[in-house]
Amino acid sequence: MNPVNYLYLAALLFTIGAVGVLVRRNAIVLFMCVELMLNACNLALVTFSRLHGNLDGQIIAFFTMVVAAAEVVVGLAIIVSVFRTRHSASVDDTNLMKL
Amino acid sequence: MTGMTLAAAIPPIPAPHIEYLQLSPMLAVFGAALVGILAEAFVPRRHRYATQVGIALAGLAASFGLILYLAQAGYATTKADLAAMGAVAVDGPSLFLQGVITLVAVVAVLQFAERRLEPRSGAGAAVDAFAPEAAAVPGSDAERRAATSGHATTEIYPLTMFAVGGMLLFPAASDLLTMFVALEVFSLPLYLMCALARRRRLLSQEAAVKYFLLGAFSSAFFLFGLALVYGYAGSVQFGQIARVVEGTATVTPALANTTGNDALLLIGLAMLGVGLLFKVGAVPFHMWTPDVYQGAPTPVTGFMAAATKVAAFGAMLRLLYVAFPGLAWDWRPVLWGVAILTMVAGAVIAVTQTDVKRLLAYSSVAHAGFILTGVIALNQHGIGAVLFYLAAYSFVTLGAFAVVTLVRDADGEATHLSRWAGLGRRSPLLAAVFALFLLAFAGIPLTSGFTGKFAVFQAAASGGAMPLVIVGVLSSAVAAFFYIRVIVLMFFSDPRADGPTVAVPSALTGTAIALGAVVTVVLGVAPEYFLHLANQASLLVR
Amino acid sequence: MSFPLLTVTTVVPAVGAILTAALPPATNTRSRDRNKVVPLAFSLATLVLACVAIARFQPHGARFQLTENHSWISQFGIGYSVGVDGIAVVLILLTTVLVPFVMLASWHDADPVVDDSGTFERNRRTQGFFALILAVEAMVVLSFEATDVFLFYVFFEAMLIPMYFLIGGFGDRTKGEDAKQRSYAAVKFLLYNLLGGLVMLAAVIGLYTKTHTFDLVSITTSLQNGTLHFSPVVENALFLGFMFAFAVKAPLWPLHTWLPNAMGEATAGVAVLITAVVDKVGTYAMLRFCLQLFPQASKTFAPAILVLSVIGIIYGALLAVGQKDIKRLVAYASISHFGFIILGIFALTSQGQSGATLYMVNHGVSTAAWLLVAGFLMSRRGSRLIADYGGVQKVAPVLAGTFLIGGLAILSLPGLGPFVSEFLVLVGTFERYPALGIVATAGIVLAALYVLVLYQRTMTGPVKPGNEAVGDLKARELVVVAPLIALLLVLGIYPKPITDIVNPSVNQTLSQVGRTDPAPHVVNAIGGGQ
Amino acid sequence: MDNLIPVLVAVPLLGAALLLCGGRRLDRVGHLLGTLLAFASFGVGLALFFSMLGRATDQRPIHDHLFTWIPVNGFQAEVGFQLDQLSMTFVLLITGVGSLIHLYSIGYMAHDEKRRRFFGYLNLFLAAMLLLVLADNYLLLYVGWEGVGLASYLLIGFWQHKPSAATAAKKAFLVNRVGDVGLSIAVMLMFTTFGTFAFTPVFAHASQATQATLTGIGLMLLLAACGKSAQVPLQSWLGDAMEGPTPVSALIHAATMVTAGVYLITRSSAIFNLAPTAQLATVVVGAVTLLFGAIIGCAKDDIKKALAGSTMSQIGYMVLAAGLGPIGYVFAIMHLVTHGFFKAGLFLGAGSVMHGMNDEVDMRKYGGLRKYMPLTFVTFGLGYLAIIGFPGLSGFFSKDKIIEAAFAHGGTEGWILGTCAMVGAAVTAFYMTRVMLMTFFGERRWVDDAEGNQPHPHESPAVMGIPMVILAFGSVLAGGLFSINSSFVNWLSPVTGYEEGHSPLSTTEVTTGTMVVLVLGVGVAWLMYGRRPVPAVPPLGSLLTRAARRDLLQDDFNHVVLVSGGSHLTRFLVYLEGRGLDGLVNGIAALVGGTSGRVRRVQNGYVRSYALSMFGGALVLVATTLLMRAVA
């Protein structure tokens, strides 16, 4: 099977994630969508690595996972503290600051 | 990462060669951060404040000293080269920006350490601008208890150190992966620091959420761009990418089938651009700036506004000038558009702002536009001008936000402009200093703002971007309007009876403001030496 | 390395400004007067230095004299290079002469408030006022001296800030609506001039991309010997960029609308500072930079600019007639006069330009005399409205008399300074553009109209209620007015010393622009048409 | 001896400086000092006159260059004096009559607390007027020209507390300014044509200039003359100028200043001789004005205004003469001098009358005064006879010469002009007789003045009487002296040039003609005002009379067209300034503000919409990048 298809899939996932960020309200889901985008990137990296026949892409993928994990830590910390304050995870509630 | 093919037989793994000396500035900061964490764990609470401040300052001082040493030793010019297997570039721009960042960080830490402004806690302990216990729900008993017992989130210092470390690495990063990692390393701590305000915690948390979500969003774009560029070039090392783009690299047959496809390259470049433009706060990726600047604790805002811009523009310069000079004809027009949009939108929207911090946020957007004109210049002057502008701008910004921390009333800082009416009558000195900063923002001659603006515009003009210069000039006329408005408010309108009080700061904030003012004037009146420095440092290694 | 006279001339007031600002707030009348005498002393010292400079100046010597050249920002070829030619040195003298009078005239304008218990309001208002005036003087003098485009630009812009605070901070001591009006005027002043300055900045940068230096002398020389050449498009664009800034400052119709507000709201002294000193930088810069840097473009645009300035002459005069507010009337009169100055500059004849230079001097002195006396009157009643006055000459004959003399100077009565310059300008214009010359001449009728109408409404007729108590001029006020009037007479009867200094510079400028006076149609009766 | 010329000007100037800056301490001696200095300069004038007589005709003009005034390359303005027969004549007239009027004023202004200032102004006037006639170039002349304008402004408005006086003064200055525009344009034209504006070179090269230029210069000079000499269309100010104290009217608005226009034209003879069009214009102006003024003079009940009208008309004669060219110049000046005597005398007489009648000016409230102020009656009467041209008196000689010259102009023009002059003479006889009768004859029509005190007509003090007597002598004798073997012609012709006119009518015919119209005029006047009693309130009168009472509607015209039109214009411009120019700027500001307010709303606080803008931005970025490549 042509590895290029994996690229299409990656692009698709990335787009789904991006759109998800735009349409979903729940902060957690939003955040998961971002993670989806990151994973799309990973898929793309691995595919390219395969195409080029060098390992860089895969190594980068590992880095990405670590970074993603770190992001989860920070992100959840923030989101949870907000949730405890407002008893809601909807990002639309956090709009005290505008204009 | 040296490429090695699966087909080859297993040779002994070559140990990577690391130039520790060249990397030492960053190592010093990261070291300080780690020590800070340990201190957080082991030092008893009442000593933590002193210890942490000490560690942070020590680390920064060491880093700055090392930077100076490296510059002295010629690593900025003659010995400039790639370090850590081509992952990090130690050259003029890196060292210059790292120097600026460390200085900014020092000033920022001084402000973080300010404990004279907030009223003492129930237990009589002096407290700083940060939440006593970030985890506690605002308004809950837990928080109240923490407040009365005079707790303090001393974690702020290690976080700052990590952020600074990332920022030091960001403009020096010489391959996309390092750049991505550095981006995250300095972003994640900032997200947290935004959430740590002592007053108005809801705003603070909201700022954190917004900053975090959007930041993550943008870094996802950056990463996808990275992937695509890797797909095109088969490498993430700037030099290699540049060679592939120019077609001077030896193209392996494996590369051939992707290299043909410029779409990969261009889309990748655009998406990398999104990540960086988000960090510098360029239109239309600027919308986080006002909210985050307003919500975050003011000292953090100052630090963020100054240091992030410096780091991000440094990275942008390196990316565009080292990795994609071959694509100048593709990205220049786009940046033209972004720059114009940023300058105009920033200036125009700021006109109707009513909150000092939001006002400064939009002005920072406009300034991002001005700096972009320098980036677009695409010549030696351009780099030097941008470096100088960043240095000048960051200190003005720090000073301005430091002043904001001093104008307070019962519930913390009085940031609504109407409350600033007649400040000039109440405390002329403070008002005068703030006026100085505003004039620098407006680019009035004899302030650093003017010199910087002149430098970038001049570079842009000689780079053939005269229209940009004219747009820039007109939008700075608009911008001048709202800076002037604040000055009018402070000096020519009558003070309100219930007006805010101006807190008398300790030496810490005092130093911050004084430093800001001095730099503003010196860079305005006698910029020769610093321009020289910036121009000397304007050579990027590949 | 001779004695840096010019630098000292601008440093002295600068230092004076700083010292004055640093003086402690007044606690009693003695310390209050000290806070005013110190700055006055500095301004007088500056005057002395300026006199030395003009004494050292050789009219037929080098183009620029007393020059000093130091590198300032070498990266951009920016130097701290100063030097004066005949025009500059005369204008420096004018500035340094006027500032002390302005200070004396506004002696009590910024006094600290004293409450009933006789304790002084503790602030630096007084010092601030005089320090700002000194700062303006320093910057104006330096921008007259600068022979480096960038150096000039920097101070051309920077002087806006002290002016802005002078206008906005020290109007008549009224709160509420007037204060709003005042800050509006101040902002308007700043924004107009800032916009002009920023447009000029673009032009300055554009210039640098072509010349790679800011040194006026080297640019002009390389223009002369052809090593430097602008394409017409570029030159026109740059010219317009510079001209815009100067036309706002000068001000040239239709960019004048900031002036009436600024002069109306500011104190009489500050108003004089605006129109008699600061605005002169604009007209001076046209002579110095527009003509010398862009000779071709100057010739291209001269007709258009002349038309605008003639419009300004008539328009300003007509609006002056229609004003209800004394200070605004003076402001519109000034607009009309600036029309004459610009007319003289861009007629590109030696009579026109010498006349314009003289005009700057005369307009400075005459407006000072007229407006300061008016200021004394207004300070007695605290009203700016013409309608509030009437029959003043009955109660204050000397005040009325000096006011009339000032007015006669404004309408350029022969025997007083302005006549000489105005006639030179008209002749200079008429030589090349007879039609414009004739239209401009109509301005002198209108001038008579607004001056005499103002005099009649305020000074003559039966004493209007409220004016019975208006006192005549005091000693301090006489000290201000008398010398100015004497100066007007001298300038009107024996202007030769000044014209001798100015003429050579004017001729050099014209030769740079490449224009010569049209020769008389009939063979000149006094030996060949110069 | 020659270097005395500056002294002529300096002496009264010094007086003005002393009196105006001297302050109160000079109040008690001010008037004496002023008068003394006036006489001093008269003395100097005489000295110069005799030394001039001592020289041969071609030696008489002398120059005295003082200093260079405005040197700018080609433009060399000098301060230099030129004293020739023409200026000498004026010097003597100015200083002579001037001194007498100073003397008169001592009495007339005795009770005015601002007397010192009054004499200061008078001296200032003398200085300016002397400068005017002594200047050796047009620019310096212009200085004197405006100087006398200033003095006249100050003196008309001397009683500033009277709004009418202030207005009149302003009007006079403004109307004169219009004339000054003419003079300055003329000077500019000369400079551009000849490269100089000094008399000698300009006149020497006049012939080389184009006809158009010369005509232009001539017309501009004429415009100036009209302003200063109250000729149509710029005559409107003279009537109002009577608001000034009577000595001022006598000196400035009768004897000297108003005749400056005639001096200017005569002085510029070299130019006018070459510009027939300008000359034609001049004679037309002169002819029209002499009738215009005469008619006004007939209708006025205010004695001074009546005299003002007469002045206007008499100057009309002079201008007419001057416009006739070489056949007229001399007589223009001659009439100017004689008129200087009798008109000054008449005004002083009028002043003396008013002095005795509590400053009443309405002749309908006079009557039968000859018994109460005989001296005034006699002197005034002599002046009256002189002006109407009673045989043997000054006016007879000077005016008849002008009428002759008018006929001598030749052709139809000559006939028309001559007739005008004749008619003018008749009307002059009429209105002067009218004045005479209404003032000194008939029954007393006095009424109490505003304060309700009965007027006690009495003769004026000697200090006022003496000048009147002297002037009366002048009015009687001057003409005769000048005409004895045409001494005046010989005296002046070297400067102005002179040719014998060839009149279609012989001298005797003209003389008889004038005599006839004289009798006619006097007769009619007697019928109207001598036989029947004069009504104390003016009858409605004919349309012409009513118009004439209003200065033949000149002022109404000015008011409608210039004043109200102008004020509308300014009001419109003030409005425009606010709405137009400023409005534009404020509009832009408002626009920016509005946009800002609208754009701001995009910042709606929702994370997701921020993300959307980022996403959109990303798409645009990608798209444009690709597009750029596609385009390139």
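By letter and in written order, the chains are A, B, C and D; residue numbering begins at 1 in each of them.
Quick note on the criterion: a contact is a pair of C-beta atoms (placed from the backbone, for glycine too) under 8 Å apart; a residue touches a chain by one contact, two chains touch by 3 or more.
None of the values given here were measured: they were computed from a predicted structure.
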Most central chain, judged by mean C-alpha position against the global CA mean: C
Pair sharing more residue contacts (C-beta pairs) when C-D is set against B-C: C-D
For chain C paired with chain D, centre-to-centre distance based on mean C-alpha positions, whole Å: 37
Euclidean distance of C-alpha centroids - chain B vs chain C, Å: 45
Centroid distance [mean C-alpha coordinates] between chain B and chain A, Å: 24
Whole-Å separation of chain centres (CA-atom averages), chain A against chain C: 66
In chain B, residues with contacts to at least two other chains: 209-210, 213, 217, 221, 290-291, 481
Touching two or more other chains - residues of chain C: none
Contacts with 2+ other chains: residues of chain A: 18, 21, 30, 91, 94-98
Chains that touch, pairwise: A-B, A-D, B-C, B-D, C-D
Residue numbers on chain B that touch chain D, as the complex places them: 209-210, 213-214, 217-218, 221, 262-263, 266-267, 269-271, 273-274, 277-278, 283-285, 287-288, 290-291, 329-331, 333-334, 337-338, 345, 348-352, 478, 481
Chain C residues touching chain D - in the complex, by the definition given at the top: 192, 254, 257, 315, 318-319, 321-323, 350-351, 354-355, 391, 393-394, 401, 408, 413-415, 419-420, 423-424, 426-427, 430-431, 434, 437-438, 441-442, 444-445, 448-449, 452-453, 456, 459-463, 493-496, 499-500, 503, 507, 517-526, 529-530
Chain D contact footprint on chain A (complex, rising order): 18, 21-23, 25, 30, 91-92, 94-99
Touching residues on chain C, where the partner in the complex is chain B: 71-76, 123-124, 153-155, 157-158, 160-161, 165, 168-169, 175, 179, 182-183, 186-187, 190-191, 194-195, 198-199, 201-202, 205-206, 208-209
Chain D residues within the chain C interface of the complex: 20, 67-76, 139, 142-143, 145-147, 150, 153, 157, 160-163, 165-167, 170, 173-174, 177-178, 180-181, 184-185, 187-189, 191-196, 198, 201-202, 204-205, 208-210, 213, 566-567, 569-571, 573-574, 577, 581-582, 585
